[in-house]
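Each of the next two complexes has chain A plus one other chain: chain B in the first, chain C in the second.
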Partner chain A sequence: MMSVLINKLPRNNIKTIITRSSEIQSCRHLSIVPSLYDDKDPAPTFFSSQVQILLKRLTRPDLSKVFRKRCNTGLFVLRTPTYKFLTDKELEAEIAKANEKAEQLLQMPPVVKMHQTINEVLSEDPALIGYDSCKYLFTDITYGVKNEHRIIVERDPDGVLRNCDHDIRKRLNQTYFPMNGRKIKEPIMFSDKDRFNDLLDNSKYEFILDRACIQYEPDEPKYQSVTSITYQHIDLKKCYEILRSTRHFGPMTFYLTWHQSMDNLMLELLQGNAIREAVLLTSLRQHIHGDVINGGEAHNLAQQILPTPKQSEKPENLTEEDIQLDNKCVECIEKFIVGNSAMKSQHELALQGFREHYQQLIDLSRGLRKAHGGV
Partner chain B sequence: MLPPASGTGQYFEKAAKSIRLIRQGCTNRPFYHISVTQRKRLNSQPVIEQLGSYDPMPNINNEKLVALNLERIKFWLGKGAQVSTPVAEILGLAGFFPIHPRSYMTAWRNRKTERENLAKQAEEAKTKENTD
Partner chain C sequence: MFSKFLAFKRVVQPSSSLLTRCLNNNNIVHNLKFISTSSVYCVNFFNKLPAEKLWKSVTSVSNAGAKKGRGRGAGRIRIRDLNRGQVIGVGKINMLWPGLSAPVIRGRELLKQQRLPDDSERMEKLIKLRDSMTKFRRLKLTPIERGWSGNRMPGRSIGPPDPIGEDEFVGFDTKVLQLRSLLIMKGSLGRTKNYQAMVVTGNGQGLAGFGIGRSKEAPAALRRAKNRAGQKLMHFEICNGHTIFHDFYTAFGKTKIFVQMKNEGYGLKCHRAIKEICQAIGIKDLRAKVEGSNNLQHIVKAFFIGLLQQRTHQQLAEEKKLHLVEYRAENEYYPKVIASPKEVRTKEEIPKDETLDFIQYVMNDKVILKKKKFPRFYETMPHYQIYLKKYEKYRNHEKIRLNLKTEYGEVKSFLTERYPEEKAESES
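Then we have the complex of A and B:
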């Protein structure tokens, strides 16, 4: 009997320790402070063609991930794949079609400034005080008017007629013109902090971001805080790979660069031997802040990099032009680390690692060419 | 038998039209369509067109919801449709018409009854104090 008791005690202790540690964890997540786009409008920068091209390239789209099987909510039947024999011409047409569809799937959610509250009084009529104890909400349901331009007004119990604020507008638009997937009541995963933190802990980032895209408008404070917390969590855990080749990688990169916290991402790129993408990231920073020491050089290099194919495709088949370009990239990144990096030693270490790895690749590809009878 | 929501009523060019509330809810749960119909037709008969809706029961946020298809309302007003008093009141509150006199009357009467209730309560409290 006694031994059983003694056996039980430490187990209980372990349990309490585990629950405590999870409490501490959840406390730490609550301390992530969301930073919103509330002072300067990021939209002109985000939508400029250069930045869009850079962000799309940094997403590193992989078609097998873009067209992966996803949960089939909303689909009534799972379609079976069809296999066809195609001529080269037809195959090219199919690939072009697939690329077009991938571009559609990878379209990034917009990054815009937070909206201002609407407080526009249309008329005041104190003689109506006492008419009713509740508000009247009037919605113009004229056909063919867009949600953001719809007339929605309220008559308050004190007789004031005013334009509705964004939350009421959104609720009424959803009532009369429902959007598929959006709920009138906020889903519990966003309203309950514990559940939200559970999702973050389980790395369900894509799910959170997809749902936030449906549930909120991009200029809503709630959308910006949810995405901001998620991006910061990804940045802390360095799980960038989860978002790669999804539509959310671009906005995340933009967010991190805009709020001057792209050093972890830079480190991940250097450690993953993606030196060209690191240069693209510096170029992006130069576009957004203009504070990179060798900004012009980064821009020029980015222009040279963009037409080349993705780096990681054939690492052992380097041509001399590739080697030249990569060496230029290494120089550029060196200057960037000296001038702008906040994590100098780690970045330098990662760059050194890349150099050694790259030297091996160069030797390998030159040796291969020699063995095949090249010069 | 409730009429269909819109569009099946017979339409005569010259006959007088009226924009009115048509009750669509069930027992103890009123809900109204704002519809245009021939003036001589009963509310249970098919309407010409539905122009909006009005929910007289406050929702969970203490709001009454009104939907108005202003474009079509303007069209029917242009055709010379008569507007019934409750609809004119709603349109007045929405800021589309001038406020209907009956709204002012209701407000004034509500204020008056409230004032009387308050006075009555004060009097009762006073008598209670005196008896104690």
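Then we have the complex of A and C:
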């Protein structure tokens, strides 16, 4: 008996230590306060065609990453590849088809306002008071009705007939019309703070965001808090590259801009020599808030930039038009830094770095052209 | 007749009475009291010859018989040491002999010669010991050294070919594919035995070759074959570092082989000789079906010819003057251009009857016969329908159990809480 007691004591101690350390950890992570879309509705801005185009361009889609090997496609073993002989025209058609598919894969999860609680009493029947001690739930399972329009009502023991709230609606919808991958019970990775933080620390952002898309509706508070914490964590660690070429980059950029915290992203773009994308980001801010000093200029520049190919694709073959456009961009960003930036000194330093790098590029391409006998 | 029997009894009686009396009154010493006058012949076949000669007479096989294979395999008699496990002084009758099988004085008592109760297990133990001697013990190989079957040579590794001058075969390994004895008639010597060996050697990075060697002795034949293989190395390109470039059909004599390229992780599903060749070359994933004759030498030759006749993707694209595009399921069937020719034909330039299907083209318009799959014999029977109906309601139980275990750590439902006595009963 004694030995059992002695054995138990140290174990308990270890347990308490573990829980304490985890508390400390969770405390550290709780410093990220999720900010939700709860006062103004972001949907009209997000779905406007200009913003959508800007967000898609900022995603910088790279087809080899869009069509990367995924482990959530339900393929448990690899398949033997198939081969085809194609003419030029057929190849073009196939690539066009693939681009369409890429568009589909890159479709952004919607950004909408958080829903309001439903509290709508349909009728009160005092005659039914005490009929039964439990609630009755009624679901209209007619085929072809959309989940959000389905009639789901509850009859309380006090005889009140009311529309169900969102959580009950979601549960019943999932029971009668199960969505593949969604669980009735919340997955542990979302309900357990420690596990969620572990995922964040291991940079499994895409996994979190993908799973959140399946598990929650976009107007659920839980979805918005999960995505908000993830976006802020990415912003803190500056791991934007992980989300590039995925469908989550757009909503993240939108979130950061909406909540006035896109300075880190701007810095990353400037340091990565993506000056045109920086202008697009300014234009996006002008669309959302309308507080950029040279907003009109940014819009005009964005219109010029959008038809040109991606900047990183051809770094060492600059035409005169490219140089002109880039110089305009630099001027625009200068004004932006003066007027709107919250990290002025860092932004200016990055811009100076870009100027020097760009001057080298210009010299190189002009020298090359001269060497090849151009004017 | 009767008188004769009496006479016989008279002869037998004295000796038998001597024995019984001796047994009954063994405490009384009566030396030289009963003397048998009948003569006993102690010399016979068994104690005249030594054990060695006796055993030889049983186990030996005539020269002609040995040639026919007699005295080998099952039913073969093996020499046993019958003295093993036997001790002087201990025998069939369990006697105590002071000074031989026991001490003369035990404590203060002087031990006397006496008969003890019989040990019934003694003979059984002896037989068991003798049986264990005769059991055939194989020379054991470790599983790594072992070849295709038992401790026979085919499939076993015999190391790299011998260095030529100062050039060593680094990273090479040789596998035996075949080792067999051939009988040749010679005018002066008559029928003589030769060994023939076929081996494949390779470095696992595209270089490989095979060789055949003949000799009077098996090891010499193997060595000769190995060194010949080292002299005849060929280089093969490996597609993406794991498979062949395309499916192909190849034949040698009556042997036909259909080879298919496969995805990563598929493994080598083919004839064991082809598997060894692939491992020597460095091919990791492939499927091959051998049809017709399965003469091993023909299989090896056919496979090597097929590998040599492969065309790379760039060559195929140039031949066809069309883009070669790859589609992979894991990449959502994204069209990846693998090879492009210098000039591409348009749709109008392609004749109507040209084969454009990739597999059909690389197989030279040969089509593999795919056998129809018949339903299992039980699937047409009425009891199978009954089984399906009966077990339909259980079809998701396994999944549910797994989910419950992950959620609660045990199989549990709302009913377990309502009826706790059921749980207590099952636990007890």
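One rule holds in what follows: the second predicted complex is superposed on the first by the 344 of 375 C-alpha atoms of A that agree within 3 Å, B and C clash if a C-alpha of one lies under 4 Å from a C-alpha of the other, contacts with A are read in each partner's own complex, and residues count from 1 in each chain.
The rule is simple: a contact is a pair of C-beta atoms (placed from the backbone, for glycine too) under 8 Å apart; a residue touches a chain by one contact, two chains touch by 3 or more.
This structure is a prediction, so every number in the text was calculated from the model and none was measured.
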item: First, second, both or neither for A:Leu63, with chain B first and chain C second; value: second
item: Touching partner for A:Leu280 - first (chain B), second (chain C), both, neither; value: neither
item: Touching partner for A:Leu128 - first (chain B), second (chain C), both, neither; value: first
item: Which superposed partner A:Leu269 touches (first chain B, second chain C, both, neither); value: neither
item: Partner chain in contact with A:Tyr83 - chain B first, chain C second, else both or neither; value: second
item: Touching partner for A:Ala98 - first (chain B), second (chain C), both, neither; value: second
item: Touching partner for A:Thr142 - first (chain B), second (chain C), both, neither; value: first
item: Where chain A meets both chain C and chain B, residue numbers; value: none
item: Contact footprint of chain C on chain A as seen in their complex; value: 63, 67-70, 73, 75, 77-91, 94-95, 97-98, 101, 105, 185
item: In the complex, chain C residues that touch chain A; value: 246, 260-266, 317, 320, 322-332, 334-335, 337-338, 344-347, 350, 356, 358-359, 361, 407
item: Residues of chain B touching chain A in the complex; value: 52, 58, 61-72, 90, 93-95, 99, 103-104, 106-108, 110-111, 114
item: Chain A to chain B touching residues, read off their complex; value: 122-123, 125, 127-143, 151, 153-155, 159, 161, 172, 175-176
